[in-house]
Each structure stands twice: as structure tokens, then as C-alpha cells.
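Presented sequentially are two complexes of chain A, the first with chain B as partner and the second with chain C.
Here is the complex of A and B:
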């Protein structure tokens, strides 16, 4: 709106505004945060679209993600190579989906990806066990873990194959009243 | 081939391309959509561009045939394609693709739209079409800039983020609610300040020119004292802050600003605007809600929606982990054993006793307020100068104290009841709500008594005033002096509207003071005590009792809602109320943010009052409705004071509308309005609205019934699937020797080939039959035709 900045061209900023839920100021602020993570690697000038990726270790040390038990999975789900190395595009995408303006359906898709630890497009029993252990820091007994996982499959599995496909997951999460308020990261 | 036609063909080809591309052939929500979207749109675009080039060459070749080259039908198809592309651009941020992909698709779509939008303009109305397109682009740019501006204006974002990371989303929701209220109050303030206070201050008669705008001679010595000002009498009373100052001149100033009309419309407009905003927020929340109370996904929701992604503080995270573990353990316990109803009679007796105590408290507080208000009326009759600070502020102080102590008592009493915490919270909220409501309405009834008193006084004063003017006239006649009287000396009629306004303002100020003092003495002192006396105390204060307190979300939200109810009720009589409230909310935000970070600890367990955010919104709506009733009643039924305010001299306040219609609008308009406000027209209109409400209610019930049916169907389908797969699993378990035989007959029937005839039960002695069964769930094998 008149502020001269040389990080992005105006077309780039407009494109980012079209593709995410962020405003211009927020995108510039995100670039600042990205830059702070690794000032030596991240260039200040993005007009020529440099291909710079930051390793997962740097991203999961951000204060917004540090306490999250699913931080590695979050970063991996948004990375292109699946290993957790984020370019600036992926970085912006991640925070855009996790922001409070993203619609429920979009968040459900990414939540499914995050909770699918073995990336086989199903949430199977081992995924559930991993989720539960991360949530409770392994304080529950073996039988309790098994019981909870079985209950979850019983509740949510619609097609009876013993694991949750995306349709099952979406059906379950779309009715959850707390989903939108908890699946939200403010940046 | 025309490019826009090419696209639809491409869409059909895309799935075929997709098969060879898919890494996993199974349902992948992002994979399939992403790939298809990319392939479909990108491929179509590339083809479109190639065809466009071909087309352009063709067009350049035969320009004379331009009109023929694009028929109406193709124009329509092109329009459709362009519209589709535009829609894609608008919704691209909702697509679950990788950012790089989104950027590419966006670029392609924008190029397509730009290229062909020009082509669309051929034929009729080309210039108009181009103009329309340009205006649309400008409008979109303006909208985007406006959105950016609005987002930049949102205050306290970082403060709320800090609270969220320390306390989780439920405590932060109070502050987000506070911020939203602040926004509403800013708008109300803008309305009252800009359309009522400023015009009168700038264009109306100045202070001291007419009797109603001057402090009476008797009060003048004490008019500037701090005590008087704090009490909102003296100079504060005779200023734009209160109703009584406003003059009833029909138009003021060179702008011919109709002040009385503006006053009335702003008063009604603030309430109408508040209604609109609250209902719109409720509708939005209802959309996000997703279906309300449903116990069928208990464990799933616990697993997937209990971690709060906003947490950024290690201590809070520890708390959260502990609370999640506890919650799971509780649910498991409930699953495993049925809780026995221990001694139901004792429990019932205790609950009845608790409710009885609560009812007594409510009745007691109602009577106390009534008694105090009566007493204050007596003080007023005997003249307030004889009494000290307590007697003057008795009513407000008593109400504030009741609001402070009764909820704590309810909390203690609810210990008797032994309810599940969520249900106990609901009871608590209900009781506090009843307490505040009762107090408010007792206060209003007492006010009505005072209003009636003042109105009777009016008649006497009116009589006295005519006598006084007659004396003055005679006196000036005999002395032959000019008819000049200092406005301060003219006897005044009583002004019940200003009195009501003053009462509300005093109540609000008291409420503010009480809240701040409670925070400072309650939470802060407790925290200081626990922190510093822990060193020299016998037991561990921090872990045992009293420990640091938790932030009382529901109490604070209720306080905020009731405070807003006061504002809505009183701002018609005291235009300064929104200003005071804006100031209060602003300082409250900073004070409470500091207090929460400094003195409170995160909740061990959080129970929301209800599953939806609409619970507090519904209360707000209810309070708004209740606040509207007294205001509307006074506008419609009570004659305004004859000596003060913008409606003085009229029989009813709303007569100013008729006056405006008569003077300012052409004659036919007044006639039309007269016909429209005929009861013969209004009654059928009301009837129509009632019928439409009934109809909408009936259809919504029908929809809910059909949703329930569909849910049941889904459930039974799921059960069938489970039964089927269980049977298949049993069958496969019995033919356990070769569970992974990949060769299956393409005919998907359970063929017992090879004529072994051995039933599935028992071991097969011969070559195991090649039976095509649906695979058991566990191993991921190659796709099986089932």
C-alpha cells in the first residue's frame, strides 16, 4: 500500500495473498520469521524465487511449535520431500492452513496427513498408538492404550476395514466442536 | 478445436493420466485432488494456449470472417470457462495442494482469464463489457486493500497470543470476547459521540444560555468539587454527557441538523445495530459448530481434539499432558465399569438442600436491593446533604458487593451437590445469571418508582413556575426594567431522564471500581501471599491450599455481559455511557492481561459450559432483549419531562418522527407513511411474520428429522460392513494355511473350485481350494477385486 519493500515483487505478494489466508503485512512478517531462523541461509531478496530450504530441526525449535508433541509430523506433512525441509512457500502454506481463517474441510485434510504417521493414507492401529503415546507421554498402561485405540476404531471406522480412511476421519472430525479452536496456531 | 471446448475433454482424460502417476492407488485425498487438479487445469491450460495460438493465426488470416468465427454458443462456453477460472482463482486458497502447485495453477488461470476476457468482449456491448471488467478488477483490489487495512487495525493480537500460549485457548477466548465487545462499543461510541454529543456541543446553544444548560444558583458553589463531579452532578450533569442538557429546538446550526430526531434515531439505532451484530455472530458460530452434542465419538474426539496447538509454554504443556492423561483414564474407567449409584437418597437430599439455600440467597438479595433503594429514596426526600458517602452510594455499592460475594457462596454450596464438573458449571452459571437478573430488575422497579415520584413533582413545579413567571412579569412591569433573568436563577422542573442516566452511570462506575479492586485484592494479594509467605509457612502454600487461583472464565464473561446490558439500557439517557465503557474495556484489557500472566495458573482441567460458543452469545442476546424493553417502554409510554432534554414539550418522545415527516418531507410522503402505520396494515404484517416463523420452524424440524434418518442409515451401514468383514475375517482365519494367495479367480464369487468340496471349517487335507474371499483387514496386499 505504498510501503516500499524489496523482498517480494508486487505480483508475488498478490499471488501469496490469493493462495493463503494472509494479508500482505502478515506475509512480510512471516518472511521475517523465516529469515530469523537462519539469517545466513535465507536471502532477504525473494524476487527471483530462490530455492532455499530450512531443515526440520530449525523449524521445530520455533516457540509456536516447540511444545507441540506433533511438531515433527506437522513439518513433515507440509514439506515437499516429506522429510521436513521447508521452503518459504511451504512455511507460509503451513501457517496459512493452521491459521484461524482456514476452513474446517481444509484443516481436516491436513490433520489426517499429520496423524498418519506411516503415510499410508490410512490411520491404522499403530498410528493411533503413536498418537496416544505422544499425547499422554506414555503414561498409560499397555492395556489402556490398546483399549483406547480399539474404541477409536470402533467409533469412527465406517467401512469396517479396521483402520480409518480419510472419509471416516472427516466424518468424525467434522462434528467435533473443539476441532477448530484447538487445531489452530497463531503466528 | 476451440480452447474452451478442449478443456472439458481434458477433464475426462485426466483420470486416465492419473493412474500411471499415482504413487498409491488408494484413496488419497490430497494426492488425487492435487494431481487431478494440476494435470487437469495445467494440461487444459497448456492445450488451451496452444489452441489459442492456432486460433489467433486463423483469426488473423480471415479478419473479415471475425463475426462468424465466434458464434453465440461458443461465446457462452467461453464465458463459462472464464467464470470457472475466476472461481478457481477465488477459492484456490482452500485447495489442499502444495504451495508451488497453487502458485502455478494461479498463474495459469490468471493468464487464461486475461487472454480470453478480451475475446469475450466481441460483439454487442464490447465497450461496456471491458468497462465492467475494469471496474470489477478495481473493486477487487479495493476489497483486498480494505481487508488488509482491517486486519492491521485489530489490536492486542500479540497479547492474546501470549495468553494463548500460556493458558490455552479457553482462557484466551475470554480476551477475544473482550476485544469483540470493545469493537462493538467503539461503534456505539462513534454513533453517540458523532451524531448526538458533538452536534449539540458545536452547534447548539452554549453553556449558560438557557436554564436547562446552567447549573442552578443553589448548586453553583459546589458544582466543581471532585465529590460532586464523581457523583456526576454539578457541571457533569449540566453538560452533553446527560439527557437534560439537550435543547428541544427542531433544527440547530447552519446545517439545520435535526437534533431531537437524531437523538431518537441514534438511541434506537444502537440497539438495532447490536442486535444485528450479535445475531450475525451467532449464525457464524452455528456454522462452525458442526453438530452439537453427540456422544458417539467420545474417544476419537479426545484423541484428536484435546491437544491445544496454541500452547507454547513448557509449564502449560506439562499441565495439558497431565490433564489429557487424567481425562483418558477417567473415560477408560467409565467404559470398564458401571458406576454404582451410591446412596441416591443422600445425594438427592443434599441437592434439594443446596437448591433451597440458593433460592433463599436469591430472594434475600432481591429484598436487600429493594430495601436499600427505598431507603435511598427517603434520603433523597430528606436532602442528600445530611448524609455521608455511604448513604449516597448505598444502592450501587450493595449491588456490586452482592455480585462479588454471592457467586462464591454458590460455588461453596455446589460442593454439596456432587455433580460432574461440566454440569456443576452449568448450574453455577444459571444461578449467577438469575442473581444478576434479579438484581437488575429490582433495580429497575425501584427506578420506576422514582420516575413516578419525579413526574408527580413535575406537576407541582409546573404550577409554581407559572406563578414565578407571573411575579417576574409584574415586577418588571412595575419597575420598567427589561425582562432579563439570569438562567441560573430560573426555577427548574425535575428531570427524570437525567436522573435515570445518572443512576446507570453511577452503577457502571461502581461496577468498574469493584472489578478492579477485586482483581487487585483478590487475585493479586493471594498470589503475593502464597509466593512470599511460602518460605515461613508450615505447609506448602503453592501446592496445597490456597495456592494460586485459576482464571474464572465464566464469572468474568458473565460480568462483561451484564455490564454491556447496563450500557445498552442507559445509553439513551446518558450518551456518555458508551464512552465510559470504551475506556473501561480498554483499561480492563491491559489490567486483566497483566493480572492473568502475573497471578493465575493454567487450569488443571478445563470444562466448557457448553459445547458451542453460542452459549454466551445466547445470553448476550437475551440481555440485549431485556435491555431494550425498558428503553422502548419509556419512549412509547412515558411523557418526557417538560423542562429538559430534546423532547421537552412533546406528549411522547416518538412524536418527533411525526413532526419531521410533517415538516421535512413532501406531503404525499406523510400521507403514505400515515397509511402504512395504520393498524389495519401493521396487524396483517405481524401475522405474516408469525406465519413465516412458524413455516421456517417446521421446515427446519423436517430437515433435522431427515438428518437423523441419514445418520441412522450411516450407522446401520457401518454395522453391516463391520459384520461382513468380521465374517470374512473368520472365514480367512479358518483357512489359515494360505492367507496370501494372490491368484484369485476374476469372478468375484466364492468359488469352491478344484472340487475339493471341503467346507471352510476344519483343515483341508487336499490342495487348498482357491476361494476368492475378501481379504482380512491386516496386511496390505495388492488390490483385490471383491
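Here is the complex of A and C:
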């Protein structure tokens, strides 16, 4: 323990501490978790910034994400290519934003991205229907699903275009008191 | 929303690239957007995270907002690059600037290290995280509340021990300057010897521990044992009665401050979300999913509960529409049913209060009976009669409330709130009733025969040391409450789980597993805390007992949660709860002040026991202490206590209160106006959209 680790340089660890909400120990632990997902692909030595990406299938098998109905969307929102392949930087970024200490505005942006299934920068009715089905395991009837989605758009849509832009979403999130405590993953 | 054309020159507009003004507050500056010509920052979300870096707005945002890099929305790679740029800039800065940056950097590092250390000191952090992860934040809020009360009780105990108990023990051991109360003509009031003489049976020993009588009465546990000690060395003087009184006021003030500080957070939240019904569905669909949960079973349960809640909400809409269509006849019918049921509820409450009132008197009478004295079980039952009646009332009446409210035909949310309000009233009022009947007993309030009170100013015949008697009642309430919780967990929850698991008959499955009903449990612990607050003046070691009790309850409840319970059908919203329960706790605190202040200002202290013997009132200690202060301080205190100060202070507080109320209502009006404006803008946009099509 202590300063004898050889995975990152001290400068890298300082950079991670400034750019994420994690401490030094947590970053090293995260690297351990990342390594466990694919020990033969992930190098132990990150001092030269290797470009290693893990496919989505490996990430969504993590116990923190495995049962989450939105696991694919979460991983896709944080990946550079939108396909769900995460480098270690993206991995750390994901858990940093989802940690307890990230501010509300940042979480709201990523929540918007997660619920935007067709990535058109709007949460439209079909996105809401998909969200609702994931939330209720498709056990609601069709007409109930439609009714609830209509009510959501009615409540949150500010500019009347029938879909939620980010401004609408953020306005609604600012009034939801539980959002900060529920939108977080502990690792 | 403003649009920035690509390649535009100095424009007056400033738009946050995310199209919202929420995070964006700078003066006019130029935004140059490099990219495709037709791409403009409109209301849409920025296309990719990379483009965010291409603009100066990042640097401006970081500088003007003074926010750390970690709050930035862009990929980790970009954040690291921005940080490198910042470092390089810092190296170019002049001596003073770079020194400031250095200091800022090292201060941030120090704070990080400190917060890591402090994290380790937080009590039960791991447990709370596991509970939150498995069962959600609603149930976690119960355990957080319990932890808050454990800490509050512990700090109260430290205060009491440090200023009252330990000095008393020290002075006792050193055999110092103790004033012995001289017995004048009416020596009848000064006989008091609770210490048992001779050998006792073992069961009497247990009885004394459970009831606080006998040898327990003459220990540091109860008020009666403390003496009117005051030591006066050359440079050290300590007045135990004064310390007793001042510490009492101190811990009440501490509890008030701590609870208020905690509830301010919750109050802000509930102000913002006061019209939560407006955003009901959006909250449930977009902001309610708990990303913490890892367990598959719990996730299934959570999904089921979301489905249940949405169905119930849709049902409620239908019912609301039906209710609005009620004819006058039907409405009259419903109102008369409601009035009748409310009368029934009031009658039930009065019945319960009368039972509690009688039980206190009966308890004393029964204990004096010869047939009861020899029998262990009967004596225990007689002594605990008030506690048993209160607990029974608090158990049976809520069940009856649940039944009657179904007939009152309210919508579900109103139903839940009304039941909760009734339960809160029942709990606090039943405690109040017990205290009232105790006080009647001690001051011969309602009996025709007032002779027991003539000699000594209080009912000397039945209670030689009335403060100890009150302390004993609170002590018994605390123990009984603790035993009830243990019995419920061990003898009801566990067998229920075993029966439900192994017996597959339909009735049992319908009964199902125990639900972890947060509101009822929170009311339980608030009740226990109120008892502790009332009792601490009369029984100084009660906070210690309460700390231990809540400590054990934490572990027992956690055990039963993990082994026996399923989450409630209706998700419990932590945010609403936190504020409401802290409010009820403050109500309990206010109620607990009443008996203590009444005892200090109005009642005659007991003659043979306690640190305030042979005074007319307990408050005289303060008056005597103020007398002995130097002239300036004495004049100051006399001025504060006089009417010349109190009345202007009262008027001043009224003025401040009215001003704040006016401010609050004007803010409320402002919020409403802005909301209406938003609505108007929205309709205008819809109209414009339609007009242009």
C-alpha cells in the first residue's frame, strides 16, 4: 500500500483526483475492478496511457449493473463511440458522475442521455414508452402505458412540441427532491 | 431560447450550449462555434462532447463560475487536457498568482484527506449504504433518523454526566460540604428512606430494577439521590443545583437547535416541491428509479411497486372524476358519513384517554393492596399498567382508524395523510394524558380530599419524593417500549416469516410477510424520544438508557428488515418524510418542555430529596445565583427578566415574524406569477406553431 503502486504515475493520479469525485484509493480500486473484468486485455501498467476498450457485454455483467434495467443505456451514454465500449477513462467517468458527490446539473445531463433511447437529443413518446416498459417489466397494459406517457409529456413539456427537450427535463428534475439520492450507483 | 449563427460577430446573446440559462451566468462575451455552418446552438442538446471543448465558453465557465473541472460535462480525456492547460497557464503566472493557486491546490488536497478521515468516523455508514442499496432510500431514511437520535441522546448524556453526575459522585466521595435539610415543625414531610432494610428475596431485586423502586430509587439514576451540594474553594466553586438546572436548559436548547438545523434542509426541499401533484407522473417515470439497487429480488419488487403505484394513480384519476360528478344528494350523504365517523374517532380517542387516566390511579391503588404485594407477576402488571394501556391504545386504535377511513371515501393520498395525523395526535396526546393524570395525583388536583397535600405542598402520602415518582414512570415507559419492540421482532416477525415460508395455504399467503412500515416505526421512536426528554430532568441517566436502547433497536430492526420484511407496496418518499418527521419530533420536544417547565416554575420541590429541597420553587436557584453576581451582571439579568425588556422584545419578534411572513407570501406570489408566465409562453408557442403550419 502507500505510494508503492506502479499502475499510474503520481501525476496521473493527481489528474484523476482533480477530474473525478474519487480519492486516490478509490481510483486504484476502480482500476482493480476494471482489470477483473478482462484480466488478459487490461494492462496492469497505465503509465503510458494505453488505449484499451472493453466491450459492453463485459461491463454490463458487473454486479452493480447486472440487474439494472437501464444498464445498456448507461454504458452507451458514457462511451465515446456510443456503442458501449468503455476505456478506463470512460469507466472512471461513469462511476464518478454516478457517485454521490456529483452535482445535480451534471447528473441531469447524463440522465437525459440515458433515457433518450434513440439519441435524437429529445425524449419523445417512444423513448418514454421504452423507459416505462423497462421500469415496470412490461407488465402495464398498452393503454395504461400510453396514458402515462401522455401525462408525462403533458406535465413536463414546456414548449409544446410533444417531446421533452433538455430544458424541460432539467426543469422537472430541479423539482424532484429524490433525484440526487436515487440517481447514483455505489461502487 | 436564443440562436447563435455560425460565424456571427460580437453578438449580444449569450446562450449556454445546452440551451438552458440555468447554469449560465456571464456577461456578454463572444461564442465562436467552429463546426458545420448549419449547426447552431438552438434548444437542442449539443451533438457530441468534443464540441464543448472547441469553444471558449468552457474556459469562461470555469473561470467565472469558479467551478472545479470535475463538474464539467465532457469526456475524461478532455478534462485531463483542460487540466494540463490550466497547469501550464498556472506556471506562466506571476509570483503572487501562482502562490495563490498553490495554496488553493494544497487546501483542496487537505480538505480531501480530511473528508476521507471523517468518512471513517461516521457511525454505521456501511450499514446504511447496504440498506439503501437493497431497499431504497425511503427505508434508509428511517435508519438515518434513528442514528441521529442515538447521537443526540449520547451528546445529552455526555452533558448530563459531565455537569451533574460526575461532580455529584466526586463531591459525594470526597464527603464535602453537604447541606442537610433541617426538619422544622412539620417533620412529617421529611421522612424518606427508600433503602430496603434487611435481606430481600431475589425477585424483589428484579422487581426493583424493573420498576425503579427500592434500592434503585436511592441511586444516581433518579432525581431524589442528588444532594444540595455546593463547594467553594479558593478559585473553584461549583453549585450542583445550579448546574442541574442550567444543564437541563442547555440540553433542551441543544436538541432544539440540532433538530431545527436538520429540518431546514428538508424544509427547503418541501417548499420547492410543494405542488408535487403537478409533477407526479414525471417524477415516477423519470426520477424515481433507484440506481443503487443490486439485488434481483428487490429490483423485481421495486418494479412491481412502480407498476402498482402507477395503476393506483390512474385509478385515483378516475375516482377524482367520479367524485367531481357526485350529485348534491350523494355529497350530503358522504359528508354526514364523514361527520359520523369523525365523531366515532373522537369517541375512541376519548375512551383511550380515559382509560389511561384511570390506569395511573389504579396502578397506585393496586400496588398498595396486600394481595398484590407478594405476587411477582401481579405486582409487575400493576406497576406497568399505565405503559400497557398506552401501548395497547397505540396498537389497537390505528387499526380502527384504518378501518374507519375506508368508509370516509377520500382519495388515497388524503387517506394516508389523515391516518398519519390521527396516529401522531394519538401518540402525543396519550403521553400528555398520562402526565396530566400523574400531576393530578401529585398535586391532589381533582380529589375532594385535599388533605394529603396540605402539609407539604404536594401529595406526600402517596409520593414522598414526587420527582422520583415521575422519573420512575418515564423509566417504566422506556423499558416497556423497548421490550415491546423486542417482543414484536422476536415473537411476531420471525414466526410469521417461518409460517409464510412453510405453509402454503391461501389465507397465510394473503397475510404475507411483514411490511416494513416506515411511518409507524418512526412514530415509535419519536414517542420514545419524547419520553426521554420529559424524563431526563427527573431521571438524569435516562439519556444513557435511551442511547443503548436505540443502539440495540438499530441492529434488531436491521436484522428483521433483512430476514423478515418485504418493502411496502407504496414507495416511501424519503424527502417528504424527513421534513414531516422532524416536524413531529419538534412537536414532541415542545410537549416535553411543558411538564419540565411546569415543575420548575410552579410545583413545590420535594422536601426530603433532590438538590432543590427546602426551596419554594426550583427556579429560586437561579434567582439566588443571580443575587450573588456582581452588581452590573445582576442589573443586567434583572433588566432582562423585567417587563421593560420582555414586552418590547415580544413586539419586536412579532414585527420580525410579520415581515418574514410578508416576504414569504410575496415570494410565493412571485413563483406563481412566473409559473403562469411559463404557461402563457407555452400556449403562445403552441399557437405560433399552429399558425405557421
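Just so we're on the same page, the second predicted complex is superposed on the first by the 185 of 187 C-alpha atoms of A that agree within 3 Å, B and C clash if a C-alpha of one lies under 4 Å from a C-alpha of the other, contacts with A are read in each partner's own complex, and residues count from 1 in each chain.
Convention: a residue touches a chain if its C-beta (ideal position, glycine included) is under 8 Å from a C-beta of that chain, and two chains touch if they have at least 3 such contacts.
Please read all numbers here as calculations on a predicted model, not as lab measurements.
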Note to self: Is A:163 touching anything from chain B or chain C once the two structures are fitted on A? First, second, both or neither.
What the structure shows: first
Note to self: On the A-aligned overlay, A:54 touches which partner chain: chain B = first, chain C = second, or both, or neither?
What the structure shows: neither
Next item on the list: Based on the superposed arrangement, let me know which partner A:86 touches: chain B (first), chain C (second), both, or neither?
Entry: neither
Check: Just which bits of chain A does chain B share with chain C as contact spots?
Finding: 15, 17-21, 23, 25, 63-64, 66-70, 80, 89-90, 92-93, 96, 98, 102-103, 105-106, 109, 111-112, 115, 121-122, 128, 131-132, 135-137, 139-140, 144, 147-148, 151-152, 155-161, 165-167, 172-179, 181-186
Notebook entry, point to check: chain C touches which residues of chain A in the complex?
Noted result: 15, 17-21, 23, 25, 63-64, 66-70, 80, 89-90, 92-93, 96, 98, 102-103, 105-106, 109, 111-112, 115, 121-123, 128, 131-132, 135-137, 139-140, 144, 147-149, 151-152, 155-161, 165-167, 169-170, 172-179, 181-186
Notebook entry, point to check: Which chain B residues qualify as touching chain A in the complex?
Noted result: 24, 26-31, 89, 92-96, 98-100, 102-103, 106-107, 144-145, 147-149, 151-152, 157, 160-161, 164-165, 169, 173, 288-292, 294, 296-301, 303-314, 316-317, 321, 324-325, 328-329, 331-332, 335-336, 611-612, 714, 717-718, 721-726, 777-778, 780
Notebook entry, point to check: How about chain C: which of its residues touch chain A in the complex?
Noted result: 1, 18-20, 22-23, 43-45, 47, 68-71, 73, 75-77, 79-80, 83-84, 112, 116, 129, 132-133, 136-137, 269-270, 272-273, 276, 278-283, 285-296, 299-300, 303-304, 306-307, 310-311, 314, 573-576, 678, 681-683, 685-686, 689
Next item on the list: Provide the residue numbers of chain A that touch chain B in the complex, in ascending order.
Entry: 1, 15, 17-21, 23-26, 63-64, 66-70, 80, 89-90, 92-93, 96, 98, 102-106, 109-113, 115, 120-122, 128, 131-132, 135-137, 139-140, 144, 147-148, 151-152, 155-163, 165-167, 171-186
